[in-house]
Each structure stands twice: as C-alpha cells, then as structure tokens.
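Presented sequentially are two complexes of subunit A, the first with subunit B as partner and the second with subunit C.
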Partner chain A sequence: MTRNSRVAQTIAATLTGAIGLIFLLPLVFTILVSIRPENEPVTQGSIFFGSEITLSLYQHALKIAPWGLHYLNSIIFVGGTLLVQMFTVTCAAYAFARLRFAGRNLLLVVILLQLMIPSGVLLVQNFRMINRLGLFDTHLALMLPYWGSAFGMLLLRQAFREVPIELEEAARIDGANLTQVIRHVYVVNAIPAYVAFALVSLSSHWNEFLWPFIITRSEDIRPLTVGLNKLIKTTDQGAFYGQLMAGTLIVITPLVILFLLFQRQFVESFARSGIR
Partner chain B sequence: MIAIRKRMLALFMLLSLFVGAAYAQDDIVIDFYFPSATANDAEGIFQGYADRFAEENPGIRINPVFTGSYTDTRNTILTELQGGGAGPDVAVMLSIDLYSFAEEGYIAPAQAFIDSMENGEAYASDFFPALMSNGVDEDGNIWSIPFQRSTPILYYNADLLAEAGYDSPPANNAELVEIAQALTTSERHGLLVPVAGGFPIWMYQSFAIAFGRNIVDDDPTAVYFNTPEAVAAVEFLRSLGAELGVGPAGGAAWGDTPVAFLAGQAAMIYHTTGNLTRILNGADFEVGVWYLPSGPAGEDGAGYGAPTGGGNLYIFDDGSKSQAELDAIWKWVTFLSSPAIQADWGATTGYIAANASAWEAEPLASLALEHPQYLVARDQLQHAGKEFSSYATITIQGIINGTLESILTGESEDAQAAMDAAQAQIDGILADYR
Partner chain C sequence: MIAGAWRQRFVARALPYLLIAPTLTLVLMFNVLPAFNTVNDSLYKPARGLNAAGKPPEFVGLQNFADILDDSHYMGQRFLRAFRNTLVFALATVMLAVPLGLLLALLLNRPQRLRSLWRFAVFYPALLPLIGAASIWSFIFSDSIGLANAVLRSLGLPGLNWLGDRNLVLLSVIIINIWKQAGYFMIFFLAGLQNIARELYEAAALDGAGGFQQFVWLTLPLLRRTLLFVSVISFTFAFQTVEQLQALGEGGPADSANLLLYLIFQNIAERRNWGYVNAMTLVLIAVVLVFTLGNFLLFERDERGR
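Coming up: the complex of A and B.
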C-alpha cells in the first residue's frame, strides 16, 4: 500500500516536473538569448552562453523606452478597467440572474452575440466614438471600450443563480435594501468567480496591444506592450531578438517577483474556484 | 448639496486629469509619425532633429510619434483618418504607399510646395532620380519626398573570394554562379538570397530588372508578371537552391542572412544597403560590396539592376489646413530632406542619403572616404528601378508574394503557369482602375 502510493507519487512528481520544464523552456531560452551578444549564431562559442555573457542588451533595452512610465500606464489601464468592470458586471449579472423584465432573454442573446464579434472589426468604429468624445490619446480612451464585459457578466450571472433565493428572501425580511442584498448575499458568495474574472481581465488587458497602440500617441499614456513594440524592428535589418528578449525580461521581472511573493494566495484562489 | 457639488468637482478634476492639459501656447504643432526599421535609437535621433528644427524655427513645434513598423504605421494612420481623427501632418511611410493614400485624398502632392519655392527646381533635381520614381505619379507630379531609402546590393567576403583565386566580385549571373559554386562547402553557402519568409518580391525584382524587364513601370494600372523575363528571373532564382545547391532550397530568411554572412557561413549575400553599417562594424574579415550582378547579356538590354526601397515623407492635408500650417509642414519636410540631415541620418543608420549634395556634407563625406563601400550603394542607384507599386498595391503585392513563394519552394513546378494565373488575377483587380 505505502509502496504503491510512493510509486504513484514518484510518477506524479516526474510528470508534473516534465510538464513544468516544458513550460519553463521558453523562459530559459529568453534569458539565454538576452545575455549572449546580439545576433550571434548558435554555432559560435558555447551553445548555451555564446562567446561571452553580456548585459549590453539590457543597457540598450533600458534606454529605448521609459519603462517606469509604461509600467504605471499599464497599471492604470488594467486597474481602472477592472474596477469599473467589477461594478457594471455585478449590476448586470444581478439583473439577468434575478430580476424579471420584458425582453430579458432577447437582451441576453444580444449580449452573448457580442462575445462572438472579434474586437478588431470594431477598431475604426471604436476609434470614431472615442475621437468624438474628445478622449483620443487619454487613459480614459484606453479603458472605456472595456467597461462592460459580456464574459464577466455571464460568469457572475451563473454564480449568482447558484446562490439560494431563500438567502435573499431572508435578507429582505431582515430589512436589507437592494444594494445590501447584492453586497452581503451575492457578492460574498461569488468571490471565486470574481477572482477568476479578475485574473482573466487583468491578464488579457495587460497583454493587449492593438487598441492601446491605435488610440494613444504620447508616451505618457502608452502601456508596456506599446513600449515593447519599439524593440521589434524587423523591416530593414532583420530581427534583433536579443534586444527584444532583454526588453521582455525587463517587463516581466516585476510580475514574476510579485507572483513569487503572493504565490500561495494565487494558487489558493484558483483552487477554491475550482472546487466549486 | 454642497457635498454633492464637491464630489462632482472632484470627479471633474479627475476626468480632466485623464483628458490632459490643452496646449497653452499658440505654436504651430506638427504631428510627425515615423516607423522604425533600424537598430538605432530612432526616437532619440528624431527628437534631436525636432529640437534643432524648433531652435531654427521659433513658433513651430514638432511632435515626433513612434508608430511601430511600416505596416503598423500605415494601419494606425488609416484607422485614425477613417475614424475621423486628425491624423499626422507629416509621416514617413513606404514609398510604395503612394496610391493607397492618394486615392483616398488623404495626402497632398509635394509638387505644389516645390513650385512655390524660389529654388524648387534645384531642390527637386538634387534627389537621385531612382529614388524619386516611386514618389511621382503617371503625370510627373511629385507626391512624396525620399527620406530613408535603401536598395539591395551584393555583399561578399573578400577574404574567401581571394583564397579561391577571385580578386574581383562577380559582374554577371554566370560569374555569380561560378563563384558561388566554388565557395560552397558543407559548412558554408556560396550565396544567400533572402527570399524566404513571405516577402520575396523585393529581392525578386532585382532579378527581373537584371533579366531585362521590371514588373512595373510608370503606369499604376499595369503589372508585367508573366513576361519571359519575369519567368526566367524566378527560374534562375529557384535554380540557385534547388539545382545548383549554392544556398538552401527555397531561399534564406531575411533576418538570418546577414547573421550567417558575419559568421562566415555564407560567402556572398544579397541584402539591403540598410545593413551596411552593421555588417561593416560586425565583420572580422574584409567586406566587399558591389552592384548586383547583371543578367544575361542580350539585345533586350539586360544589365545591372535593383529596385529601390524604404520610406518617403508624406504630407497629410485634406484641404482643411491653413497656409501657415502648410508652410510649417513644408519647412519640416525640407529640413528632413536637406543635405545636412540626410548626411547625418545616412551616416547613422546606413540608409542611402537621398540627395547628391548630402554626399559632400559631413559626417557622410568622411565616412564614405573611410569606407568606399558606401559609394557603391550610391552609384548603383543609376541602374536602379522602381519598387513594385500600383493601385491596390497591398493586395497585388500579396498575390505576387504568394506566387513567388510557391514557385521558389517547389510547390508550383510550372512557373509560367503559376505566373499566368497570377497575372490574370491581377489584371482583374486593375481593370477597375483603367
């Protein structure tokens, strides 16, 4: 029995280790490319470290964009988006989960349809709207199109519907008003759904390139992805991968440190939303 | 009530923070969009030019905006203009973007500005004619001004050639094949032509011109993709890898080619002059540079030939800009295309300085004295032709690239048939414009 479980444990550990290694490889490759001399072929010098280990690419990448500013802009963008999304999504989810009103199902279908339209198609129209509002090249312009989220609404609607209606009725009898009901009955019971939605929202907007690129012009507004684009220079001289990799590492390192610090909380919240 | 007002005020202040402060001065501000295609710090260089310009021209401010690759730049500007935005005042875009933007009425021809200059004639004729060919429409009107231009040239490892007993680079395709075969070993390619990776048209045009006929001329509604010369050019290109084995079948990738050359893994390469500075700095052997070899000699006048490439300065005006604004815009364009700036830009980046007198200006003059290779790039311009451009440029370029790739990789064995089919498709598209 114990022997069997030990064998099983070893197999499981080996498997997870192997999978982990596969996921780690791109990162290892990124680091290796970023510390060898720019565009040195693999046949030159040591296969892993090239002819010398150098940090010159980092120096160059650091100089090319105001990374601190881009970082701040990215945080404002994803944070501001998420904050408002949390509010709009909660209201909409409650309405679709519990309120009865004419055309509810039709409206729900319309919102579902919106999930199927690729955002690229709306680029020009979104631009036109933002431009008319006089918001071109502002932080607000970045966030505005994302302040409603069909995905988040559906996720929370599902979570809200699983909350027993009796809980709401009991709260009502105790004299709770609508805001209190949503806050103390629904929101607290849907925390894992909120966490899951927050992670999806944060990571997708953090990595968003096209919209920020099109709608902003000044460095004071542009997020990290647009800053990184400066390192991708392929047209005339070919790719400069080393420089790009160094820039990528500069951009992700603070996130990796953040993750390592809060690793336990991250994993726990994922696990909890999975248990449901 | 007061509390609500305070809150409203706070909200308003927060919003106005986002919106950003309006410009207080009455300066004319010129929005200048530029792509970046070189390893250098283009942002820093342009900011330097903008500062210098502002010093010489009080009352005009330049706002340089980095807009990614050439493709990103085109898409950004199109989205902005189609979405009712202001767009740039001046932008660097590919020289072949002319018809896409002229058709929509987004850009203004430079001709009117040149005509209003005192020495307009001299200004325009200082540019190398080959670099003007893509900026001029079929009626001879100049639309865009050359800025960061390049052309393919032959780079060769002079040490390797000397070892094999060749003291001069190949002058024609027959010699090219001979030397390439002599220098090919199991660890080294004799010749790399970067046609793999989705954009073979530019390199291919060198061969088409050398074989006697470019695939475009001054008429933007005509493309000549299935002529005997066009077919012979692609068949020769394919034979380099497939039959002669002097390079990989299907051609080399753009970015890998100079790396392989610098590492001694290729004896000769076709590549852009835009890489000259990087290759001269990076090589630990003697780098030779020469004209692309000429095509088969014949009565049809085959000879040296290369297309031109790179970016021009475009002036954006839908007719709503004031004369003062237009004057400021033209001042910036003439500043960037002046011999002094062209000499500086060319020496820093490796682009070919676009006007003849820039080559007598510093720092380019002493650079060319030190490295005569730069002069070869310049002198080849007398044989250079127009880069592919027509109405519906992007669509047709896509068809040509796809066809060339399928021939070069061996997917389409019958080059003539594939090119006939492509030509029919292209003619169908261009029929609307004729």
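Coming up: the complex of A and C.
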C-alpha cells in the first residue's frame, strides 16, 4: 500500500467515525436524559448519568398516555394493514404478471397513479371520504386507504415474473387449482419480495402521524405516534423534556430492535422503496 | 355439461378483473376520486356540500387560486410563505442530504473496523417516526438546556434560539431532515456502487488515476442515474414530510417554518377555508405528480433498456 493511500484511508476512517458519532449523538443523548433524575441539570452529578440512574421519568411518561393501549392500537393498525395488503397485492400482482386480459395496460396505469398521487397529500379529501363512509374514529378508517398498494403490487409482479412459467404449468398438470398455484408456486418463490414489502409497510405505518391524528379521536383507536403527540403538547407548557425523551424511546424502541435483528433485510427493502 | 363449460369460460374471462378488483377499487376510492374532488372543490367557495346549511356552494372559478397567490390576502400570505419554505426545504434536502448520502456510501462501501456500527449510526434515523425524531431534536435545540447551545457555549459563542427565532427555525427543520434522510439516500448509492465492476477501478489505478480522479471520472458518471433518481425522490419526499413540525413549534413563529402540507393539515377543519385547502392541495399534487412521473418514466425506460 502506498503512503498516499494510507493517508487517504486514515482520513476516510476519521471522517466516518466523526459523522457516525454526530449521527448517534441524538440517540445517546435521548437515552441518557431519560434515565437521569427529573429536572437535574447536566452540570450536576456525573455528566453521563447524573447523580443516579432512575426510571422515574418513564413512570411520569406512562401516566400521561395509556401506552399499552396505544401499543395495541399501533399493532392492530400495522398488522391489519399488512395482512390485507398481502392478500390484495398478491392477487393483483399475479394478474398483472401472468394473465392477459383486455384493458390490462390501462388498468395498470390507473393503479400506478397511487404512486404519483400518494394518499399522504390527499389528506383532506380522504378525511372527507372516511367521514362519508361513516368510519371516522375506527380502526378501519386508519387502514382502509392503505389496503391497496401499488408499490407492493409492482414489487411482487416483478418477483412473480421471475418465477419460471414451467413451474406453474407443472403444478397445473398435477391438478393444482389457482389458489394452490399462487401459494405453492408464486408465494414461496417470492419470499424476499414479501419480506421487503412487509418491512417497508410496517415501518412506514408504525411511524405515521398525520393521518391517524385527523381520522381518530378516542384513545381506544389512536396509535403510538398520536400518544407521543400528547406528550409533546404537555412538554410545550413546562419543558418536561426528560419525560418526553422517555416517551419517545417507548415509541421508537420496537422498530430499532426490529432493525437490529433484520439489519440487512431492512437495508435491502428500503433500497427498493424509492418508488413507494 | 355445456352450462358447466360456459361457466368455466366465464370464470376464466372474469378472473383477472376479480383479482385486481380490490386494489383497483381502493386506488379509485382513495387516490383517483379524491384527486378529482380536489380539482372540483378548488373551484367552489367555501366548497360543495360543506357550506352552511341551506346555502348552496358558490362556483367561483379560479378565484381560490387567485386568492392564495395574492400576497395581501390572509390565506395568500400563508400559502406563499409555506410554499417558499417548502421549496427552500426541498432544495436544501437535495443539495445537502443527497451529497451527504453519497459521501456516506463511499465511506461505508469499503471494508473497515466498526462498519456495521457506523452503518447503524447513519441509518437508524431513517427508521424513526418523524414526530419522534422531531421530539428528540426539540430537546437538542431547546434554549437553555439543549445540546446545540451547550456546544456553541463551550466554543465561547452565544446560544441561539433555534426554534423561536424566525430566521433560524426553518434551518433547524432542515438540519433535522438531513440527519433523518442522509442514511436513507445512502442505501441507494450503496446499491449503485455495488453494481460498478471492481475491474474498472483496477484498470483506472493501473492507468495512474488517484482516488479523487477515479471518483470524478468513474464513480460519478456511473452513478449519474442513481444520483438523479435520489435527487428527484428527495425533492418529492420533502413536499410530503411535514410531521416534524408538530413537535417543532407548528411551523411558527408567524409561519416562518411552515410547510405546505402542514398548512393544509392546519386548515382541514376550517370550513370557510375548504376551497383554499383544496386549491393548495392541487398545487401540492401537481408538484409531486410531475416529478414522480418524470422519475418513473426515466426509471421504466431504463428497465426496458436493460
């Protein structure tokens, strides 16, 4: 290795470490603040851990919102969304990947419109649509707009196309019906695409705030992000930042753990999500 | 027998439509129809079906658009400010977060000690809910006890009122977004880098090209498509990411950091502003539609070219 490139290596490593640390700092800071005694200035006690390590801020945060209920609601929201999406997306992907029918291209374009006019910007009209359907403040209202997914359909259509058609023909000769063909030929051969779609869907809905906030009113329905909002609004008045940090950690921890477990799958899934 | 055969043919004919029906219906209900309703409602005052009882909605043509583009109108003032902020926010994301994402990809593409730690460090912000990320940063930027001011003061500089000063608050929102998105953009560049054949670099090195020259003449041209793609999605995403404002002073003071979608969200329950809300939404749709469509056509053409 030449001297020049060794210098370059050192510079690159230093730069990586510096940026990495800066990026980590907010998370570290959040954790440290959440386990300090309440309202203790940073100058008091140990810089990192204060005069003692305590979970009292978590207890405070737990009192402000029913986090257990919000957890349940978030799980219902992302789980219910994903479950139905899996079904609708599989059906549509199979049709567009393997069947020929009149109007196929036109109908494909109509579905792809979802990518160009995402539900997120249609907040106002979708709010009205849900109200008209009489679904305001229900679990169904949260999930319904997401049950059709052009992104998932595209992802799976691509995966289905890569399955050799001979496999389907062989299954048909063995007497498999449509459901069996889709399950045993296509689904099993497209698992990576399903994982990618699932991770993108789960994380984006787990993190969603505006839609759940406007479409629900009662705590029986509202997911974690809306609970966090309540904590933020309490903080506005008195700057109880410690408990806000504790609450934030309550909300983000599951996804961070999920990410640590499935780091590679996450990165690969997100790399395919640009068209979402 | 004949009836059975006929039924079978009918099922075969109808099958594709049955399979796509759920997706198609939902897209029509929650994307296409609302888009048409947005156009329609933007032409009425206050709007169809939402006016005071008994009073028919009034067709006003393009008056709502004229109003939101009028700097002396109460909604025009707010719209123009939010639109300008959104443009600044989006362009800053493209010009700062995208190059940072590229830099991170270059740094983290090579084998090194602690690589998975650094990859986690730069990618985890992308996983956080925007509102959670913002709540963390609301503390970092807080006046008296925040980390940002602690750093400034330790350097002997005066602390800043990051979220209260109207000249600084948009900058704070931009900083948070760069932190949040750079790692997400990085993964597209990592994927792009992995598609470049090693031999190209070896050949370039043999020809005497140094690291910097290799980057300018080899890496950048080969990543051109990725760069364009990421720039466009970062631009369009910026028009849709506004939830952080909920934890950062709600776009204030005086709309100095307000963003278009958040302004729409703030007015969602204001019956008298319904026409304006729809006109503003239409502007938002137009921007997102044009850029996403452009990217999509480019992307598709690429796919076919392969």
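Odds and ends about this structure:
Criterion: the second predicted complex is superposed on the first by the 194 of 276 C-alpha atoms of A that agree within 3 Å, B and C clash if a C-alpha of one lies under 4 Å from a C-alpha of the other, contacts with A are read in each partner's own complex, and residues count from 1 in each chain.
Simple rule for what comes next: a residue touches a chain if its C-beta (ideal position, glycine included) is under 8 Å from a C-beta of that chain, and two chains touch if they have at least 3 such contacts.
Quick caveat: nothing in here was measured; it's all calculated off a predicted structure.
Legend: residue contacts after superposition of the two complexes on their common chain; A:230 is shown touching subunit B, with no touch to subunit C.
In the superposition on chain A, no contact is made by A:194 with either subunit B or subunit C.
Greater residue coverage of subunit A by touch, when subunit B is weighed against subunit C, goes to C. Of the two partner chains, subunit B is the only one that A:217 touches; subunit C does not reach it. In the superposition on chain A, A:127 contacts both subunit B and subunit C. Contact with neither subunit B nor subunit C is seen for A:77 once the two complexes are overlaid on the shared chain. Contacts of A:67 after superposition on the shared chain: neither subunit B nor subunit C is touched.
Subunit A residues 41, 123-128, 214, 229, 232, 235, 239 lie at the interface with subunit B in one structure and with subunit C in the other. Every residue of subunit A that touches subunit B in the complex is listed here, in rising order: 39-41, 43-44, 63-64, 123-128, 131-132, 134-140, 213-214, 217-218, 220, 229-230, 232-240, 243. Note for the complex: subunit C touches subunit A at residues 13, 15-17, 19-20, 22-35, 37-38, 41, 103-104, 107-108, 110, 112-114, 116-132, 135-140, 142, 145, 147, 150, 179, 182-184, 187-188, 190-191, 210-211, 229-230, 233, 239-240, 242-243, 246-247, 261, 264-265, 268, 277-278, 281, 284-285, 288-289, 292-293, 296, 299.
Every residue of subunit B that touches subunit A in the complex is listed here, in rising order: 15, 18-20, 31, 35-39, 41, 43, 65-66, 68-70, 72, 75-76, 79-80, 82-85, 150, 254-260, 262-263, 265, 272, 274-275, 278, 310. Considering their complex, residues 4-5, 8, 12-13, 15-17, 19-21, 23-27, 29-30, 33, 41-42, 87-89, 91-92, 94-96, 99-101, 104, 107, 110-129, 144-145, 147-150, 153, 178, 203, 206-210, 214, 225, 228-229, 231-232, 235, 239, 241, 244-245, 247-248, 251-252, 255-256, 259-260, 263, 266-267, 270-271, 274-275 of subunit A touch subunit C.
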